[in-house]
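What follows is a group of structures, each given as structure tokens.
Shared between the two complexes below is chain A, which pairs with chain B and chain C, respectively.
Then we have the complex of A and B:
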């Protein structure tokens, strides 16, 4: 290791060690994390039923008491299905079968009475060739059926919660800067034979790394709760999480240096937290944001938190991702901007006492 | 003899915070291997000067060269030559003295083997080895100061800057730290000592620069500073009998003597310069006039007198003035 990288590692080491001195905060955040899962996650998931993907759809003419089979090729674990069925006459039955051919569930629909949606949840999620059968009533008619996979909001939320926790742990380094400026430690750091770039890069990486280390056990808890994993995708999402944490840490440092007032920084972080977390897919799907307001959805697509959360859900097989390259590129760009551009801003503001 | 270039050359160094000049066009050369004291009350500009030299804050005007490096143009090179013990100990994190010193040594590039040996050695030197595993926040002010000093000692920088190194430390602790500074100098470091303690500046410094309101008023050896006060040395002579006629006039005739007062019938007070040079002649004069001496007490001006001479205030008054 060259002396330059050695110093970089020392700066990183210091920030990582510094963070783990905040034992009370760490314990409280862990309690908060678990509480969010076992309270909010479990309760909210009972309230939410969101179709996420159309599995199959079609219309067929059936004679009385005839059966028509819609096949569904499922590539990621299917937990629940929402079936909308209708006919002019209005009556019929729907049956859902696991890939192994056993009956997963069934029910009667009466579209004339407005009762055409049937929801099925499964305790044994599976992949493979599922089938949905529509069974006509006692008259010939056109029968329509559309089956959707339903979002498992609990798993969805747990995955998002991990990223929210990573975000709030990575942002913490900005507060350290104020603490250090207040106690004069900043002067000490600036007087060391370490270049400003090493210092800010080390702090940015250190801030990200410590957040990542902190969130590591929480991610393990999440994985256990979510109960599924797509290994390659998960590794890619971990890489993205690393970069995202560094980027957030760099953003926090940059803002702390620009703002210079700890009170203002504190308020800004609160506002940013509200905007960044709420205007992302961390807590709810993009389709729901879109339904609420196209503006919200538009802003969420500009939010790096959306992309890193989507990648993590892809890695944990919670939701599929059509093109993982785009979110990876967005996260890399975010990391690049706030780490390297942030270094330059920091360098200019800090060098020679701008921090005062 | 060829004059050696100063290790630090400060030229018109100025730092303004708003309209207030914390340091005002400071010019000073510091020689390699000397201990230079910057003496002044709080707010005189000592710490700001130090922070500028350490490239922690940027000058508003002027510059300084540390070794071959300009603080504005090559700050990283400058920092590589400096080690600072701050006025308020800067502890890195909720940690132990061992951690603080060890991390500092690592950042300063000490090789692993030497570092381990030196951390122990230095913590022993500052009497902190037994307390090496204590939480730094549980340490007394004096102990924290010693840890701060240990950082400079382990670094052995070419230029060591120590800011109020013995503030709030008992007399035993002061002596320990003074000895450490001497040892550091003997090992080849140039030392800049910022202090508002007159005795400390007088005792340790090869030269003392007196700072007030951001300006460097004067800089010289303590002796020359004291000698610069005309009539600053005082000799009190107690005689067995009244001084013979003509003695007072003859004393006044000595070029070093500024004034002679007869305080009591048998006692004289002489105000003079360079007392140590003129004492034999004064003694001879009394012997010549057959005027036996009961007691002879010399006192030279303190740096407080020097400070008062240049500022019109004692250092305590200047301190109060600032507050």
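Then we have the complex of A and C:
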């Protein structure tokens, strides 16, 4: 190991050691994570209904009180289904049956009253030949039915939450800088026989590494909750997460030394967090964003959090990914920009005090 | 009383110095309404009683904004403690109780000032309440703001660094907001409780949570659902009384420690 690399490692080691002094914060943030899964994840998954695949669709002419059966052949566990039913006459009934023929759920639709969507969740997911029956009301008419499988929003959210937690842990290196400036440690660091570049590169890597060490056990919890894994894809996504964490640390350090005011930094991080997380696929799929607002979807496609979250969901087999190369390249570019451009800015802004 | 007013004036002047903070907070709150609520509105479970998430969440946003701004007083007190400005505060010619009550009240009033544009936004989208309803809403929001302000002061004087304060703020935020009807209807939490998928203690917590009471009262007046309950007022009064008093005593006791 060359002396230059050795110094870099010393900077990284210092940041990682510092992090583990914050046991209170580490425990509190682990509680944050679990509480978000248990509270928001569980409840929101009941509130949200995102169709992923059309299982069956059709229109049929029915006499009064006549029944028509739509068969659905399902090859992977079906745990919820959304049925949209309508007719010009307005109302009728829908019944969903398990492959073994027992009734899974039923409901009444009245499209004239705007009540044409029915969602059914099943405690015992099953594969095989499901059937959906539509029962006409007391008038002959054309009846339409479309059934969709639904995204398991709980698993989707848990995967997204892991990345959001990694993001917020990596951001914290910026707050450390203010603590050091406030206590006069910054000048001490500048007086060390370490070049500015080694210092910022080491801090960026140290910040990312400690975020990753911190999120590691939480990712293990996520994997347990999600309950699936695509090994090769997961390794690729872990590599992307590493780079993303380093990039976020670099971004945090860069912004901290540009702003030099803890108040402004805190609020800027809050605003960035609000926009970066919400305008990404961390909480909802891109198709839903697109349906809500093409502008939001456009901004989400420029957001590195979107790509790293998609990679992680691909690695944990929550959602498929058509082209993994693009997200990996975006994350590499993000890492490169904030690590190496950050070094330059840090170099110029680090001296001269002015910390508030 | 005049000493309390001096403290309130001091904190208000400080509050108006943080224009960046206010802009940032409003941006965060509006991002919740105009991004998250708009997106969730597209994918709402059709079996729910709520049919428009944007309308449902707008009253919740008022409470969210109130929480964020009322909590700012804690951030300032934490900073004063770290920079040892509190010694100066303690040597001012007023009693400790006047100092503590003034700070709790100013925190609450600042929350009200900040929240008012969000409440106006809520009225623009959901319609206006009657005059008595309007005063009930303002009263509940003020009591909630004082309670939150007290809570933030208690945390601020108990934490020694900004990071710890920010982390504790996050924990309180998640506990109070995610276990309330701010983001989702209370009936959904109760339904999960009945199915045994949500601990009964958390269901009860969500029911008595002052943030649930405040947001549901605004909803009952503006949306007609859920039904207004006098227990909501009782919840908020109890919350406010507990945290105002405990914050005042914590502030007096902890701030004098070396």
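Methods note: the second predicted complex is superposed on the first by the 253 of 356 C-alpha atoms of A that agree within 3 Å, B and C clash if a C-alpha of one lies under 4 Å from a C-alpha of the other, contacts with A are read in each partner's own complex, and residues count from 1 in each chain.
In this section, a residue touches a chain if its C-beta (ideal position, glycine included) is under 8 Å from a C-beta of that chain, and two chains touch if they have at least 3 such contacts.
The shown structure was predicted, so the numbers you read here are calculated from the model rather than taken from an experiment.
When the two complexes are overlaid on chain A, chain B and chain C sit side by side with no clash. In the superposition on chain A, contact is made by A:195 with chain B only, not with chain C.
In the superposed pair of complexes, A:17 makes contact with chain B only, with no contact to chain C. Look at A:184: by the touch rule set out above, it reaches chain B but stays clear of chain C. Between chain B and chain C, it is C that contacts the larger number of residues in chain A.
Once chain A of one complex is fitted onto chain A of the other, the partner contacts of A:235 are absent, as it touches neither chain B nor chain C. With both structures placed on the common chain, the touch criterion links A:7 to chain B but leaves chain C unconnected. Of the two partner chains placed by the overlay, only chain C lies in contact with A:268; chain B stays clear of it. Once the two complexes are laid over each other on the shared chain, residue contacts for A:291 go to chain C alone; chain B is not touched. For the pair chain B and chain C, the least inter-chain C-alpha distance in the overlaid model is 12 Å.
The contact surfaces that chain B and chain C form on chain A in the two complexes do not overlap at any residue. Against chain A, in their complex, chain C makes its touches with residues 18, 20-21, 24-25, 27-28, 31-32, 35-36, 38-48, 51, 82, 161-164, 166-168, 170-171, 174-175, 178-179, 183-184, 188-189, 191-192, 197-198, 202. Residues 22, 24-25, 28-29, 31-32, 35-36, 39-40, 42-44, 46-50, 82, 114-115, 117-119, 172, 175-176, 178-179, 182, 262-264, 266-268, 270-271, 273-275, 278-279, 283-284, 288-289, 291-293, 296 of chain A are the ones that touch chain C when the two sit in their complex. Against chain A, the residues of chain B that register as touching in their complex are 51, 54-59, 75-76, 79-80, 82, 84, 86, 88, 90-95, 103, 106-109.
Of all residues in chain A, only 3, 6-7, 10, 13-14, 17-18, 21, 183-185, 187-188, 190-195, 351-354, 356 touch chain B in the complex they form.
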